[in-house]
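Each of the next two complexes has chain A plus one other chain: chain B in the first, chain C in the second.
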Partner chain A sequence: MEKSIKKYWPVFVIPTFTAFIIGFAWPFLQGLYLSFCQFITIDRANFNGIANYIYALTEEQFGYSFWFTSLFAIVSTLCINIAGLAIALALTRGIRGTNLFRSVFFMPNLIGGIVLGYIWNILLNCALTLLGKPLLSLHAPYGFIGLVILMCWQQIGYMMIIYIAGLQAIPNDYLEAARIDGATEWQTLWKVKLPNLMPSITICLFLSLTNGFKLFDQNLALTGGDPAHATEMLALNIYQTFYGRSGPQWKGYGQAKAVIFCILVIVISLLQLRSTRSKEVQQ
Partner chain B sequence: MEHRHSIKDTIKSVILAILSLAWVYPVFMILFNSLKQETSITTGTAFELPTSETFAGLMNYINALTSQGFLSAFWYSLVVTITSVVLILICCSMCAWFITRVNTWYSKALYYLFVFSMVVPFQMLMFTLSATADRLHLSSPYTICIIYLGFGAGLAVFMFCGFMKSIPIEIEEAAMIDGCSPIKTFFQVVLPILKPTLISVGILETMWLWNDYLLPYLVLDRTKGYMTIPILIQYFRGSYGRVEMGPMMASIMMNIIPIIVVYLLCQKHIIKGVAAGAVKG
Partner chain C sequence: MKKVFALLLALAMMLSLAACSSGTTTDTSSTTSTDTPSTDTSTPDATEAPAADAGEDAATEATGAVYYLNFKPEQDEAWQNLAAAYTEETGVPVTVVTAASNTYEQTLMSEIAKSTPPTLFQVNGPVGLANWKDYCYDLTGSAVLGELTSDSFTLKDGDATLAISYLIESYGIITNKTLLAEAGYTIEDIQSFEDLKAVAEDITARSDELGFAAFTSAGMDASSDWRFKTHLANLPIYFEYQDRGITSTDAIQGTYLDNYKAIFDLYINNSTCEPAMLSSKTGDDSRNEFLAGEAVFYQNGSWEYTNLVGEGKFTDDDLAMIPIYIGVGDEANQGLCTGTENYWCVNNSAAEEDIQATLDFLYWCVTSETGTKAMAEDMAFVIPFKNAQESPNLFVKQDAEYTAAGKTPVSWNFTTMPSENWKNELGNALTAYAAGTGDWDGVVSAFVDGWATEYAAANG
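Up next is the complex of A and B:
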């Protein structure tokens, strides 16, 4: 059977693979090469070694964006996962209206980042005006908090769904055994539910951390990086370097930043997957 | 004991109910603001319900529909989403079947390439990708699906491979022994078994495509007026000196309403799809 399928490889593989080359592999390699060049268009690129990387790594704004993004990713990951898990625990106990609550909490995930950003921009700015505080785009700490609130509103529902699926997969025998042994609810949570939930926790931490690092749409729509680039995250910083400035050097810098960003995201994903995988219990 | 339990649950229900009201409020706020007159939508009064003086009826909606290019943006969004999802589902499921059933070095290499592409952030290739699309004349809403197939292949192939491993190979073998060609086997035997997975992947891809902003913004040729809804909403803010809040709110609502209708109709599939996608991820 394997042989006869193999003979048909052009039908099965070629369409996806061609598109993959056009839509990923070729631009990726070209981007890698261009990060060592000075260029405005792709055809006119002059090789200039690692000058772009030296610039990118020494630029103050890029470093600031890195720390801002890291802080944001960590804070939002913690908030989203603690709240998502808490709601999931509450919703797996057969409370009345469970289905309705679940639907409502998941709803924001269906709305795109740009739209979400504007909705919250209007809402938070109105709240701040009524409180007599400076607007989102004038005060960086508010921008940061606003981004965290927005991300929580969007992602808690998604993580909740994954945690609910994980909780429902725990065999009832375990919970019964714990109850018969006289474990309190708190003990059951820490000693039975959480260890068995480690695969879900791994996935959720992974998703929310990488989402936090790659965040672009929400950042653009909520604060746009204002005031004075103080809420500009890595993805937006790269975008601004590419398209927000004129001058022959900027696209090269932007591409070098993008390569660094890419490596960063890959390293974080690998480290994170490894560190939480090792805590999973064997079933 | 029983009694205490039920009180605790009631308290929890109340807390959850309050929380879910807070969850719905932002959308509700946009809804009533979209019914206000343009001049009455200001930063400080966004929480106020429309009064008889500020109520504008459907004016903003009519305005957005007639003058702001909403209809064409809606059409383009629809075209991009549907063509891309269909293409991704068919091509990626075929490719994934090949990868799981043919056990050679290059099918493994292909699999890891796809997995790798899932992690890479879009900023890494945004400039070169839009240049490539331009050169190959793929920058219209009718051809952008090829770009999406390439860029979105990673997730789809990965998910299909995960599910495909659990399908018993004997059914396919029986079909082949009975004289089915691999193509016939795939479309008549494998695809029907794969239906739940197709729905899950389709939903995840639709959620992504309908809301995607940066890729169509950079790839689509805007000189020909190609805009999807997220681009249009961003455009309201970006290029006017003054933001036209009324039509923008109406456009946001008209972007959300179809999503919510679809969500209410196939909620079960969506939630199941998300959970299944995460388990395999």
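Up next is the complex of A and C:
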């Protein structure tokens, strides 16, 4: 066994490794290089130093998008995880039809972001029209709330599945011991279930936080950044810089923003991973 | 182990990001940007003489191929048919790809970086050309250039002719004459902005009784807002340019913005829908309202002809196009807005035989019987070439009638608008104004201040 692994490891490693180099490492390095260039097509790039980064970091709209995105990521992470966990707790109590409910809650996740965005755009605009309020693309707070609703609807089911798996992995002995010791439901939740759920919480927070930061298609389809860029999140801002403008300088700016964005997301998610991981317990 | 896991997760996340920010490419020599311009200067010499004679055609047939990235979705089918006809006749493969509405620039950007880039693409005027001029083959001396009826249909950079216009279009207010007659008017009653306003407001006042509105929805969705942020905005720009005797400017003064407001107010207050709902109305909505007879007036251009006339739609007798009056200048002698924003450019980075094949294809399109007929009839284009055939397009004929009657066409000055972003900001301001969440000062500022900022940003 050991021998054949030693002999055949390239068969298993090389295809994936090549794919990784072609599909990720090389484009990433090229993208990094292009962020120091002005270009229209990537085969004719002119190096221009750190000017792109200076522009990107001083652009007002990019800063605004950063704060808007941060706010969105925090609000949506909280909503999704609280609701997801609550539903998971409800659906692990052995009520009738549990499996049906699980499938129904998970389903929205199967629809693509663009489609969801347009569907919710129509739904919310209809509701706003009936209420006589300005439409989504005219009033930034509604756009923000709309985005949160959309993300919750899409993501809660997914997180719920992860939480359910985590809850089912908690040994029954713990719960039984807690019950015998006279712990209330609430105490069981806080002292037994949640500490044992920390690995699930880590992964769910990670997923929803990064999803919130990287949100693009839902943003594009639901509000398109309207009114006047007020609901434009980072990814959409980069896209608009890159494609919405013509001229070689804008491609460079867009690329520099993308690199900054990438670093930002990595830093934030590493911080989050570290802080939740430290609270995990060993079973 | 945990650290490794965390790092892996972070990497997995970066993957999706990097994948969107830099397109895939088969060209690994991304840094060799300096050697391409040298081929730019050498290629024109090689094909100085028009290569339309049969001998050279035969030589290029075997190797060359044409790839046209088309800008106009309305004419996609007609182009596909024409391409097939050319392939059948000559054996040269022609691929026509049409970029989806509003995505031309980004499609071109990613397509042109590929190993088989489009050999033929479009720019929308001088501002568009500025972005792409390094990719344009110098058409000086080519056979197709010699077929143009006037030199004014070209775009130049210094001595090099980089782009040629291939069609002339007109826009104005498309009018449903049948409905107008029901309301008790004819198009002769509308000779000025005052007339238009009076008719529109009268129709609005009686709309319950008549069962239709004056204007179709002035939709501010991206599929429709160009009718107002670009085409309608051309009028105040045109009259200002006339006054100042210029053809482009780095700072617009906005002399006629009050008139722009007046016509926009007229559109949104006499329409099929509430102004607050306009932000979600699309171009299709507006056209469908017009087709369904819900409104008399529909601002759009001659390219809409094929969408409006046909089986189960209108006949030529139902329709007319009238000038957009905004209450400025000599309204009695104002014609339709006529011009072009469709220019052909040949890609200089394509293989030499493909460039030649493309030039041959263009020459064939504008000279051969099949080509000119397809362009005139199937696409309903008026092309500025010597062999052009008469188009059955009603609006185009009307433009000719207006001109023959001594009216002056309004030229297309929106090609000098400083950037796409300027148009978008103006569109945003108009949408907010229409919905009541913004005021007209926002529009003025987007128009005047935005022009100066964008011009400076684009021209450094």
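Just so it is clear, the second predicted complex is superposed on the first by the 264 of 283 C-alpha atoms of A that agree within 3 Å, B and C clash if a C-alpha of one lies under 4 Å from a C-alpha of the other, contacts with A are read in each partner's own complex, and residues count from 1 in each chain.
Simple rule for what comes next: a contact is a pair of C-beta atoms (placed from the backbone, for glycine too) under 8 Å apart; a residue touches a chain by one contact, two chains touch by 3 or more.
Just so it is clear, the model here is predicted, and its values are computed rather than measured.
Touch criterion met: A:Asp226 reaches chain C, while chain B stays clear of it.
In the superposed model, A:Ile114 makes contact with chain B only, not with chain C. Using the contact criterion defined above for the overlaid structures, shared-chain residue A:Leu273 touches chain C, although it does not reach chain B.
Of the two partner chains placed by superposition, only chain C is touched by A:Pro134; chain B is not.
In the superposition on chain A, A:Tyr8 contacts chain B only, with no contact to chain C. With both structures placed on the common chain, the touch criterion links A:Gly247 to chain C but leaves chain B unconnected.
By the touch criterion defined above, A:Ala183 reaches neither chain B nor chain C. Of the two partners, chain B and chain C, it is B that touches more residues of chain A. Looking at the shared chain after the overlay, A:Val75 reaches neither chain B nor chain C. Of the two partner chains, neither chain B nor chain C is touched by A:Val192. When the two complexes are superposed on chain A, the residues of chain A that touch both chain B and chain C are 23-24, 27-28, 30-31, 34, 41-42, 125, 129, 135, 206, 210, 214, 216, 235, 238, 242, 254-255, 258, 261-262, 265-266, 269. Taken in their complex, chain A has these residues touching chain B: 1-2, 4-9, 11-13, 15-28, 30-31, 34, 41-42, 87, 90-91, 93, 95-97, 100-115, 118-120, 122-123, 125-127, 129-130, 135, 153, 157-158, 161-162, 164-165, 199-200, 203-204, 206-207, 210, 213-214, 216-217, 220-221, 235, 238-239, 242, 251, 254-255, 258-259, 261-262, 265-266, 269.
The touching residues of chain C, counted against chain A in their complex, run 2, 6, 9-11, 13-25, 27, 29-33, 36, 105-106, 109, 112-113, 127-128, 130-132, 134-135, 222, 276-277, 279-280, 419-421, 424-425, 428-429, 431-432, 435-438, 458. On chain B, the positions that touch chain A within their shared complex are 9, 12-13, 16-17, 19-20, 23-24, 26-27, 29-30, 33, 43-47, 91-92, 94-95, 97-98, 101-104, 110, 113-114, 117, 119-129, 131-133, 136, 138, 146-151, 153-154, 157, 169, 172-173, 176, 181-183, 186, 207, 210-214, 230, 233-234, 237, 248, 252, 255-256, 259-260, 263, 267, 270-271, 274-275, 278-279, 281. Across the complex, chain A meets chain C through its residues 23-24, 27-28, 30-31, 33-34, 40-46, 121, 125, 129, 134-135, 137-139, 206, 210, 214, 216, 224, 226-228, 235, 238, 242-247, 254-255, 258, 261-262, 265-266, 269-270, 273-274, 277.
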